[in-house]
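There are structures below to look over.
You will see chain A twice below: alongside chain B first, and alongside chain C after that.
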Partner chain A sequence: MSLLEVRGVTRRFGALVAVNAVDFALEEGEILAIIGPNGAGKSTLFNLIAGLDRPSAGGVLYRGRPIAGLGPDAVCRLGIAKTFQIPQLFPRLTVAENVLVGALYGRGAGLAAARREAREWLAFVGLADKAELPAETLSVPERRRADLARVLGTGASLVLLDENMAGLNQKEVEAAVALLRQVRERGRTLMVTEHIMRAILGLADRVVVLNYGEKIAEGRPDAVMRDPAVVKAYLGEAYG
Partner chain B sequence: MARALLVGAVLVLLVLPLAIGPYPLRVATVIFMWAALAGSWNLLAGYAGAVDLGPVVYHGIGAFLTAAGMLKLGLPFLVAVALGGAVAMAIAYAVGGPTLRLRGAYFAIGTLALAESAKQLALAWDRLTGIPLTGGSAGVSLPLATGYLVFYYVMLAVMTAVTAAAFWLRGSRFGYGLRAVGENDRLAEASGVDIHRLKRRVYVGSALAIAVTGGTAGYWLSYINAAEVFGASITFQMVVMTLLGGIGTPLGPVLGATFLTLVSEFLGTRFVYHYLIAIGVIIVAISLFAPAGLAGLLDLARRRRQVAA
Partner chain C sequence: MAEPLLAVDTVDAGYGALQVLWGVTLRVEAGEIVSLIGSNGAGKTTVIKAILGLVPLRRRPGGAAIRFKGERIDGLAPEQIVRRGIAVVPEGARVFPEMTVLDNLRMGALVERARAGEAQSLDEVYAMFPRLAERRRQLARTLSGGERQMLAIGRALMSRPELLLLDEPSLGLQPSLVRAIIEAIREINQRGLTVLLVEQNVHFSLPISHRAYVLEQGRVVLEDAGPALLESPHVRLSYLGV
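Moving on to the complex of A and B:
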């Protein structure tokens, strides 16, 4: 059984079809990248999986169980958690408490275990020295890592990363890619959207390409990048 | 250390009636009453970030149900007030379901409208239902209490319980969830927090505290009418005291209630006609110069002392 199955998922906003009958599956331990030009429907798709939005049609199965229509809290407790495109925090809680909330409620950990895990995940993402600071004092790259630590703290088996590397410089991107590989080594399955192609090529096992809400290609990263439909979606028609 | 200090303070307050005369005792009871009301409001607004402008609903419900329990059922006061509190919790549970789903300003306006509707319903209750309960605009008179101490101790108990609850929220699992909701409710939900269940529990708990306070205040005054016990001015006093004292801090409502009650007593006896103007100026000054409230000022003073030491 696939970890996640997306079956004919459609989301309409009035006349706009943001996601149109998209199908794909995700296996345990995989890193799947969802790419596509701006407005292709990547974030909408992520929100549909994470329970932040409901599909207009189609279904989402997690470990064979239908989850479309559940609230984000229920989806999180089942084992799917997402970082946000604009990194989100509990601004006046400490950085450690931000992660603690995920462990307490996402994973249902007790207070002592949750505190310990919060420390561990902050060390894992390299924010151990910021643990006791109010989260609002973090810089944007740090916020992205804190958001990731919170998601890992929820114990999610499936981690959705919505442009978690946006705004990072080249060195930071390399560090982020290495970090995400370690996340996979810890038994998590990852689904990422990213605009930074270098990061995608180095990280993903498989790529799904969206354009205007439809899946136009799927496969190994190098093969997908050469796909004429993908090139056209990104660069437009050649002059001729 | 801080905990020992607080327990000590409660112990002192327990024996205080032995040492002071009737007037200071009355002022202390007024302070406890407002600290209990403001503290209840602080639990939801200060921690879960839900600004409720209709908490007075449960004050009015508590007052009229306590009166009915004593007058119609012949129950002793403490039983009647407990019953009133229990019914208020049930009503809060039902009302909280839909209203707590409103966010931000919509929740505030919705609860304000709810309180005004409750007031009108209470005024018309006897005429509409044929069941005498509120006495319409004429109100209800209660028997005079024989002793005064029961009011002092009930108000002290509610204030202590509400303040203890706020302290508990600072380091407990439930408290972390609730503060997460207050800080960023969508992120809390995405982190696995069942935000509606948490908010509803606090709403129901604070309804109990407010109803017991309202029932006790009604018996204390021995006369209640719907326009007053459901009056928006009670809500606003709860809000102002909490903001003055420091919202989202356990002792803020106690500080705010103490300060505002004492200032009103002091100015009210000396400047009978103008004291409200002075109170307005004081409130504006504190909001401008100490937006974190009196608790924030104390914090600042403590940190300055630490730096100096």
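Moving on to the complex of A and C:
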């Protein structure tokens, strides 16, 4: 059984079909990237999987169980957690408290165990020395890592990262790719969306490409990026 | 060498804690069409916003600057920059939906430099886009996407600018309309107006550009003649990494 199955998922907003009959599956331990030009439907698709939105048609199965429409809290407790394009940290709480919220909520652990868990994930993302600072004092790269620690702290098996590398410089992108590979080594499954193609090439096992809400390609990253349909979606069509 | 019409010099800019542009330098000579291309998230729109004073530049040692006709315009308010002769066609056209086509166009001529010539500007815009003349009494919200784009271009021309900035004018348009927009930009340029075109679709932007810059993760990574860049494998590399 696949960890996640997306079956014919469609989301309409009035006349606009943001996601149109999209199918794919995600296996345990995989790193899958969803890419596509602006407005392709990537964030909408992530929201549908994370329970922040419900599909107009189609279904989402997690470990064989339908989850579409459950709501983000229930989906999180089942084992799917998501970061946001703009990290949604609690600005006045300390960095450690932010991660603690994830650990307490996601797995309903006791306070002592959750604190331990939070400390471990903060060390893992390299923020141990910032643990007691208010989250609002963090730089953008640090906020992204704190957001990742919080999501990992929920104990989620499937981690959804929505443009977790936006605004990072080259070096920080390389560090983020290395960190996400370690997340996988710790047994987590990752689904990411990202504009930085070099990061995708260095990270993803498989890529699904969306354009105007439809899946136009799927496969290994280097092959997919050379697919004429994908090149056309990104660079535009020739006009006579 | 003569001063370029527009010179963007080592500009850093961003939003709050997020830095988007990293040392961006580019120039636009009088009479040119220059394109700024790059995949989404590269920072193209932020360059436009920086030129217009809609995002502040970050101070850096040695100094970032934006010069128009040799004079510093960074730090000026957007309306002051428009008064000096820069007009924009924003992404998604952003026409005033509850105003008529004619009133939208007249809004463009509110700047002092354009008031006296309003009637003549209007004739020129209608000659270029006869569709706008046909629909001049209609509310802008009733226009199609392509007509809105024409209206936004017309509104910008009404301010009698010396430099026209266009942000993704092909976005969401069907091919026949894209062709019409390309032709309009070419014609505007042949009449002597300088153009900086931000555009993701390289088949649209590069063939008509004298020069083009490729922006990647907020940095200029390539500069060449437009048609030459169209043949360059580096462009695909920049967009898709392979």
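Quick notes on this structure:
Quick note on the criterion: the second predicted complex is superposed on the first by the 237 of 240 C-alpha atoms of A that agree within 3 Å, B and C clash if a C-alpha of one lies under 4 Å from a C-alpha of the other, contacts with A are read in each partner's own complex, and residues count from 1 in each chain.
The rule is simple: contacts are C-beta pairs under 8 Å (C-beta built on N, C-alpha and C of every residue); 3 or more make two chains touch, one makes a residue touch a chain.
Just so you know, these numbers come straight off a predicted model, no measurement behind them.
Annotation: superposed three-chain arrangement on chain A; chain B versus chain C shows no clash, the two fitting side by side.
Applying the stated contact rule after C-alpha superposition, one finds that A:117 touches neither chain B nor chain C.
In the superposed pair of complexes, A:139 makes contact with chain C only, with no contact to chain B.
Once the two complexes are laid over each other on the shared chain, residue contacts for A:154 go to chain B alone; chain C is not touched. Once the two complexes are laid on top of each other via chain A, the angle at chain A between chain B and chain C, using C-alpha centres, comes to 100°, given in steps of 10. Residue contacts after overlaying the shared chain place A:162 against neither chain B nor chain C. When the shared chain is aligned, chain B comes close enough to touch A:76, but chain C does not. When both complexes are overlaid on chain A, the residue A:225 reaches chain C alone and has no touch with chain B. In the superposition on chain A, A:92 makes contact with chain B only, not with chain C. After superposing the two complexes on chain A, the closest approach between C-alpha atoms of chain B and chain C comes to 19 Å. Once both structures are placed on chain A, no chain A residue is touched by chain B and, in the other complex, by chain C.
Put simply, chain A touches chain C in their complex at residues 37-38, 139-140, 143, 163, 166-167, 169-170, 195-198, 200-201, 222, 225-226, 230-231, 234-240. Looking at the complex, you find that chain A touches chain B at residues 50, 52, 71-73, 76-77, 81-82, 84, 88-93, 97, 100-102, 104-108, 110-111, 114, 150, 154. Every residue of chain B that touches chain A in the complex is listed here, in rising order: 172-173, 176-177, 179-180, 183-184, 186-195. Remark: chain C residues 14, 17-20, 22, 39-42, 170, 175, 178-179, 182, 200-204, 217, 235-236, 239-242 touch chain A in the complex.
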